[in-house]
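Below, chain A partners chain B and then partners chain C, in two separate complexes.
This part shows the complex of A and B:
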C-alpha cells in the first residue's frame, strides 16, 4: 500500500546509499547527501540501513499514508507534524492509514531524511533506487517526487520500533562555524604559498549554488597561481588543466575565486584544477549546510583522514548499539 | 490581527521579478492569499514566495537582495 505525495516541497528525492561502480562511465554514485542521517532513520524504523527513503532539501513534503507504518526523520532539524501535531526528529513513531505527515520550517541543517518501515520500493536502476535527476535515473520515473505520485512501500516491516530514539550525542549535524577537513591534492602546488595559507585562514560562506552536484563557497581571498606555461590540452585560464578525473569531495577553484566541492551527483571529469579533497568523514556535513552559512577549511594528512574515517565508523556502531 | 509571511527557504530574497521591473508588492498594498510577494534564489533557481493570507502589507521585514533563512519573517500583513 503506497504513500501518496500531496506536496513535494522544493526538491524531495528518493535516495539510498547510491550506485557506486559507474563513475568511470560518467554516472555518479549519487545516494543520500547525508548518509549517516539516512542510516539512522532506517535503523530507527527497523529497515536495512541501505533502504531507500526520502531526502527533503530545505522544505519537507506532505505525505498521506494508506496503511500503518513506522517512520523516522533524521538529519537537519526539519520538524515533522503528524495530522498537524509536532513530533520529534531522530525518533521513530507510528502512523495509521489516512494520517498526514507534514513539516514545520527547517530550523537547522539543510536536509531531512524520512525513513518508512518497509522502505520505498520503486524499481532499482543499476543497483540503486537513488534519484539522479540529470541522468533521469532511479527515483520516481527518473525524477524527484511530485504531487500525485504514489510511492510503493516494501512489505517487510519491522514491528515495535515506535519510541526508539537516537541519543543526543549521536545526532550528527552541522554546528555554527563548521570546519571541513581537506587533504591537499595533486594540484596543490599550482597556487602560491600565500593562497595555500589564506585558503585555510579565511572564513567562507556557502553560496546559493549549492546542490547535489556541488557546493560553491564565497568570501575568501582570490588565489594567486604559480606561473607556468599551460600544458597541451589545457585551457588558457591558470586554473585550467588537461582534462582529468574529478574525485568525490574534490575542491576545484575556477579562476582561483570560488571553491566548489563536488558531492554525490558530481560530474566525473573536466578541466579545472583541484586543490585537494574533503575527507570522506566530512562529506555528510556538507549535505547539511544551508546557503549563507560560514565554513572554514582545515588541512589534514592521510593519517588524520583515516583516523577520522575510523571515528565515524565507531559512531555508527554506537548508534546501532543505542537503538538495537 | 497582524500576520507574518515567512520564507520556507534559505537563499537570497528579491522583491522584484527582475532588476528592471517594479516590486511585486509595495508597503500599504492589499494582498490576497496566493499573491507572489517576492523571490528566493537558491540552488540555481528562483522560487516564488506567496502570501498565505489576505490583508494589507504593512511592512517588509527584509531588504531586497538580502540573505534569508528558513522561517525568517519576510512581510507583515494587517
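This part shows the complex of A and C:
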C-alpha cells in the first residue's frame, strides 16, 4: 500500500546508500548526502540501514499514508507534524491509514531524512533506488518525487519501534563554526605557499550553488599558482589539467577563486585541478550546510583521517546499541 | 614515464601517469587499471582509467591505503612492459556541425566566452589557423579519434585526435562554464573532443550535434539494450558531417528503433600508429567502410 505525495517540498528525492561501481562511466555513487542521518532513521523504524528513504532539502514534503507504518525523521532539524501535531525528530512514531505527515519550517541543517517502515520499494536501477536526476536513474521514474506520485512501500515491516529515540549526544548535525577536514594532495603543489596557508586561515561561506553534485564556497582569498608552462591537452588557464578523475569530496578551484567540493552526485572527472579531498568522516556534514553558512577548512594527514573514520564508525555502533 | 601517486582523502588513490596528454600515457593508465581489475583486490570498489591518469577508490577498513599504494607501484613496473595493442572497434558518428540548437545555446552564453563576437566554431577555426569554418570541419572530421576517457556525466566520451601533434586542434574551455548544453552536443576543450551524453552544464566549446544517443537509462534504444552506456575507453570514432535533412532522418530512425551505428571491429597497435599515423588511419577507415 503506497504513500501518496501531496506536496513535494523544494526537492525531495528517494535515496539509499548509492550505486558504487559505475563511476568509471561517469555514473556517480549518489545516495543520501548525510548517510548517518538516513542510517539513523532506518534503524529507528527497524529497517535495514541501507533501505531507501526520502531526502528533503530545506523544506519537507506532505505525505498521505494508506496503511499503518512507523516513521522517523533524522538529520537537519525538520520537525514532523502528524495530522498537524508536532512530533519529535530522531524518534520513531506510528502512523495510521489516512494520516497526513507534513513538516514545520527547517530550523537547522539543510536536509531531513524520512524513513518509513518497510522502506521505499521503487525499482532499483544499477543496484540502487537512489535518484540521480541528471542521468534519469533510480528515484521515481528517474526524477525527484512530485505531487500525485504514489510511493510503493516494502512489505517487511518491523513492529514495536514507536517511541525509540536517538540520545542527544548521538544526534549528529551541523554545529556553529563548522570545520571540514581536508587531506591535501592531488594537485596541491600547483598553488603557491601563501595560498596553501590562506586556504586554511580564511573563513569561507557556502555559496548558493550548493547541491547534490557539489558545494561551492566564497569569501576566501584568490589563489596564486606556481608558474609552469601548461602541459599539452590541459588548456590555457593555470587551473586547468589534462582531464582526470575527481575523487568524491575533492576540492577543485576553477581559476583559483571559488573552491567546489564534489559530493555524492559528483561529476566523475574534468579539467580543473584539485587541491585535496575532504575526509570521508566529514562528508555527511557538508550535506547539512545551508548557503551563507561559515566554514573553515582544517588540514589533516592520513592517520588523522583514518582515526576520524574510526570515530565515526564507533558513533554508529553506539547508535545501534542505544536503540536496539 | 614515472607515475605520480597521491591520495584523494582516505578512500581514493589518484595516479598521474603524465601531466600532458599522449596515447603512451593512456596505455599505461589502461594497463595498470586492467591489472587492478584482474587482481580482484579486496577492498577496491571503483577502478577509473582517465586520459593520462587514473583513480582507484577503496575501503580503508578493508585494505590500508599504504598497502594498496604498494600494490599499485608494483603494477606500474609491469605496465611499462605491457603490450600496446587493443582489440577494439571503430564507430561512425554523424555530426550536424553548426546546428541551430547549439547555436541558440552559445548565443545565450556569449558573455562567458573568449570571443563574444564569433561563434565557438569560428573562434576555434581562427585560433587554430584555419582559413574558414569549412576547412576546420574538414580537419575535425578528417581523421579518426580515440576514446581516452569516459566520464564527467553518464557515459560522456573524451576523444583524442589521431594525428601528429602539430595538427592537433587545441582550444580553451569557456571562461566560465555554461549552465546549459544541449543533449548530444559535440564539444571541444583542451585537446579533447567530447559528446555531451545528457543536457546540462558544460565548459567545452560547442561545434555541432549528433542524432545518435550514447546514453539510455531506459535501455530501449536498439543498440543500447545490453547496457545503457555506449562508449568505453579504447573505442575509435570517425565523425561524419551531415546536414539538416540527414540529421532529421537519423533522429526519426532512432525513434523508430531502426538506427544502427556503423561499427567495425579493428585492432589498434600504438607502435604501428606512431610509425605511420596516416597509414594506420587509412586502414581503420578501410575496415569501417568495408563493414
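We take it that the second predicted complex is superposed on the first by the 324 of 324 C-alpha atoms of A that agree within 3 Å, B and C clash if a C-alpha of one lies under 4 Å from a C-alpha of the other, contacts with A are read in each partner's own complex, and residues count from 1 in each chain.
Everything below uses one rule, namely that a residue touches a chain if its C-beta (ideal position, glycine included) is under 8 Å from a C-beta of that chain, and two chains touch if they have at least 3 such contacts.
Keep in mind that this is a model prediction, so the values were computed, not measured.
Superposition of the two complexes onto chain A shows chain B and chain C fitting side by side, with no clash. Contacts of A:183 after superposition: chain C is touched, whereas chain B is not reached. Residue contacts after overlaying the shared chain place A:37 against neither chain B nor chain C.
More residues of chain A lie in contact with C than with the other chain of the pair chain B and chain C.
Residue contacts after overlaying the shared chain place A:237 against chain C, while chain B stays out of touching range. By the touch criterion stated above, A:116 is placed in contact with neither chain B nor chain C. Touch criterion not met for A:223: it reaches neither chain B nor chain C. After overlaying the two complexes on the shared chain, residue contacts for A:105 are found with chain B alone; chain C is out of touch.
In the superposition on chain A, A:292 makes contact with chain B only, not with chain C. Put simply, chain B and chain C get as close as 9 Å, counting only Cα atoms, in the superposed view.
Applying the stated touch rule to the two superposed structures, the chain B and chain C interfaces on chain A have no residue in common.
Of all residues in chain C, those touching chain A in their complex are 6-12, 14, 16, 18-22, 45-55, 57, 60-61, 65, 149-156, 158, 165, 170, 172-173, 177, 189-192, 197-198, 200, 203, 215, 217-218, 229.
On chain A, the positions that touch chain C within their shared complex are 20-21, 23-27, 125, 134-137, 142, 183, 185-186, 188, 231-237, 240-245, 247-250, 254, 267-271, 274, 276-280, 302, 305-306, 309, 313. Contacts from chain A toward chain B in the complex involve residues 10-11, 57-59, 105-107, 110, 208-211, 290-292. Taken together, the chain B residues at the contact with chain A in this complex read 6, 8-12, 41-44, 47, 67, 69-71.
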